[in-house]
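Below, subunit A partners subunit B and then partners subunit C, in two separate complexes.
And now, the complex of A and B:
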């Protein structure tokens, strides 16, 4: 270790030690974790817990917060991950093809993952469409879906998975979350007079929420797979 | 003794602070770009753990208002916020990794020392040439 690097380490240690003091002090001032008087249980949250299931339209309060109370926030989130894929694909397009090779896997792993694929996809769908009652939802199911696509492309090689759709169709799939969310925002405006508003009629509201979750799930899964393809250099656009 | 009891009661938060500092240490001191991304992820995870912990409640149930789930419920708001945070973290990580690939293809290395050679590193190279090794 040369002298310059050692100095840098000493400086970094001093900086972090100086940072640790206020952090620990501040954290100790908070109410103990798990106590009912923590700020996270007061104000707006108490309201969510009390009336969220009814006015949010989902028994799962987290889904209610995501799709209803903080829908604008979630819309931004969907746009962020879609933009991340756009940027990653744009940068990856400029990366030259060097030092990438397929790593052969054992036949056992190959067979097990092929056999598991449909079950993982079914589980992802289950998590997505039950997001308003059970833990789960669009993002969680989308991540499972994306993980399945990544797992398959690790075993079969990315080319067959990426080749399942044309690049143009992949792009539309990845935009699903953004498009469906924007569509429901406008539908909400037409039905309730509020952007992102969900109609009070229970069946309509529930089906709209499931469509929203499906859009987020499919879009999220396709974006995750797309990020993987961008890093592994299969898909250039 | 009193402060020890407080610290013990807040051990969940203290673990988050420790993880944050570990992540920051990796981020600052490591010269390898991939390790920097890993450090950033450790920091992000510590923040998520902290925020989720603030929402928990002793003896509480998951915030699912269905039969068989009785209050007090854990706070749903931190969960929703952290979900947003995780999506942003994934976006940052993937973009950083692709940029690192670009750096690798441009400079042939992901070590900061080799990409931006310092004066001393050049000095090291010179001394290496004459057979010295000061590392």
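And now, the complex of A and C:
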């Protein structure tokens, strides 16, 4: 059995090496990253860099691309995140009434995590609402928020954290990203004549973008916490 | 109303948002969730029909999402390939109607709304995939229908379902990774993600980075389409899933892999040195898949496994057609994609109805069921005959065209492959029909079985009738896909 496993391992390694060869060879032939005349920097990207901040409506170009130029992709990604939770909830084990109890941790860790909670939440909010100027935004802030909820669940046990809202409210929170995005898409249709369009008027556009980032952040954080709850068996749908 | 430009993005957005709302609005209300999901699917079908009417009236058209020029934003395009969305809407709607009674038993009641949500999200992802003109957007929509499909397979109660779903998930994730990597390579070479734009800018003569992208895209989509030899995830997943999910997966989700390959060929149009070896390889793998799938179907005892292997065989036919690259073969492959979708969903739903009523899935146990469940058995028999390619039913058109293409391309041996595979398909069809109609019942559940409710037999019957009717519509369908053949392959004989 052991000899067999070893042969399988050697074969797998040989196969991987054989596949990696052409992959590395191919990637080395690509235009060098960072060179100014590489097509990846010259073509569409050059236009984003030149006029993106103005026409995209965000000083952080990445945010402009995500929320404005390629909004449909971002909408799709928000759907994928929500679907991940649906999938976990659909296949997770049976719901236990009390949920798993907190694993005892040292009082120092317990105290530090409780004390850090509000600061982590404030940082998440900062990352979310500053996404149009600084690196960050809804996805990143949402992950920070979700990480805080999971940390607290590890210390306090998932039940009290999950119990902060009713199951119904959690469900709506998880869908916030999708619903806010869909609403913005329709508002865009009314204001610009294009689904997923954002109005050119700067203040209105900026407010819509912040609302979008907040929706994505809250939805993402709730989905992350929801994945943790689904796996630990405190909450399903 | 038909010319309202915003129908095109709604084709994807409507079922996606409808799906997300399902568990919120109908928590613990499985029947209401089913009614809601079916209504959303019906609306989506109406949107798809409106788009088809516009396409027939004035040719292909696009939509600039957010109002940005195609390269800078995302462009959606509705063409003859995207018109597959009509079949997707039709089959998803009938599967949802069928699900009401089936899912009440196959899935725990408080998870049923999640099931309906996943089906709608799957439909939205498929529709978006069919109509997008942007490479990265293609990947995003592929992830949406893939992730929902993995979960839907796992929702069946049988323990094997979780394993089958895990296998499907691992293979599917690997193929998604290959596609994403290749999209990155294309972007690095061209600096654009718009397919039309990239097709112009891509230097398909440079063998290496372009060849890498082509190989990655083709392999990734071949896994999604279950082309031999990367088909091995399919029989488990399609046999273990709840029956309406099997119908959607076998009819539509594997076809997304075919459409992905068509979009890839469009991207590399003109790079004959790269494409030719790929097309030759596809013909060979298709032939092996057609023969192997048909033979494996013949030796199965489980009816859903048999149907799953038959899907491998039919994907083989379709890839033979795409690889031959003559106008008749490619149009035949495109038409067969639609016709197979209708026939196979009829068969999976009929099998689901039988399993729902009797709990039996072994073909030999179904003896005498034709008398107890006349409509379901009739639907299954008709769809089996259509599938085997007896003229003038729907299975005939595509295979005939692919055989014609083989002769045109000077590869008569492929006709032999098609004939042999066709005979094997007829053989397993006859085996099932013989059990249903010409043998006395051998099992107690059969003797006491009664016909399923109308919400289950009506979808089966409609799809069975459609698999006859589509055979008669062969000529107009072939003429309809003509422009798509030209836009993917350029001018071919």
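By definition in this document, the second predicted complex is superposed on the first by the 224 of 237 C-alpha atoms of A that agree within 3 Å, B and C clash if a C-alpha of one lies under 4 Å from a C-alpha of the other, contacts with A are read in each partner's own complex, and residues count from 1 in each chain.
What we mean here is this: a contact is a pair of C-beta atoms (placed from the backbone, for glycine too) under 8 Å apart; a residue touches a chain by one contact, two chains touch by 3 or more.
Model, not experiment: these values are computed from the prediction.
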item	value
Which superposed partner A:80 touches (first subunit B, second subunit C, both, neither)	both
First (subunit B), second (subunit C), both or neither touched by A:168	second
Touched partner set for A:110, first subunit B, second subunit C, both or neither	neither
Subunit B versus subunit C as contact partner of A:91, first or second or both or neither	both
Touching partner for A:4 - first (subunit B), second (subunit C), both, neither	first
Contacts of A:178 with subunit B and subunit C, given as first, second, both or neither	second
Partner chain(s) touched by A:27 [first = subunit B, second = subunit C, both, neither]	both
Touched partner set for A:201, first subunit B, second subunit C, both or neither	neither
Residues of subunit A contacting subunit B in one complex and subunit C in the other	23, 27, 30, 38-41, 44-45, 48, 70, 73, 77, 80, 83-84, 87, 91
Residue ranges of subunit C in contact with subunit A within the complex	6, 9-10, 13, 16-17, 20-21, 23-24, 27, 64-68, 71-74, 110-111, 113-115, 117-118, 121, 124-125, 128, 134, 136-137, 140-141, 143-144, 147-148, 150-151, 154-155, 162, 165, 185, 187-193, 201, 206, 208-209, 211-212, 215
Subunit B to subunit A touching residues, read off their complex	3, 6-7, 9-10, 12-14, 16-17, 20-21, 24-25, 28-29, 31, 53-58, 60, 62-66, 71-73, 75-80, 83-84, 86-88, 90-92, 94-95, 97-99, 101-102, 105, 118, 120-121, 124, 134-135
Partner subunit C, residues of subunit A touching it in the complex	22-23, 25-27, 29-31, 38-45, 47-48, 68-73, 75-77, 79-80, 82-84, 86-87, 89-91, 167-168, 171-172, 175, 178-179, 182, 185, 188-189, 192-198, 236-237
Residue numbers on subunit A that touch subunit B, as the complex places them	1-5, 8-9, 12-13, 15-16, 19-20, 23-24, 27-28, 30, 32-36, 38-41, 44-45, 48-49, 52-53, 59-62, 64-66, 70, 73-74, 77, 80-81, 83-85, 87-88, 91-92, 94-96, 98, 133-135, 139, 224, 227, 230-231, 233
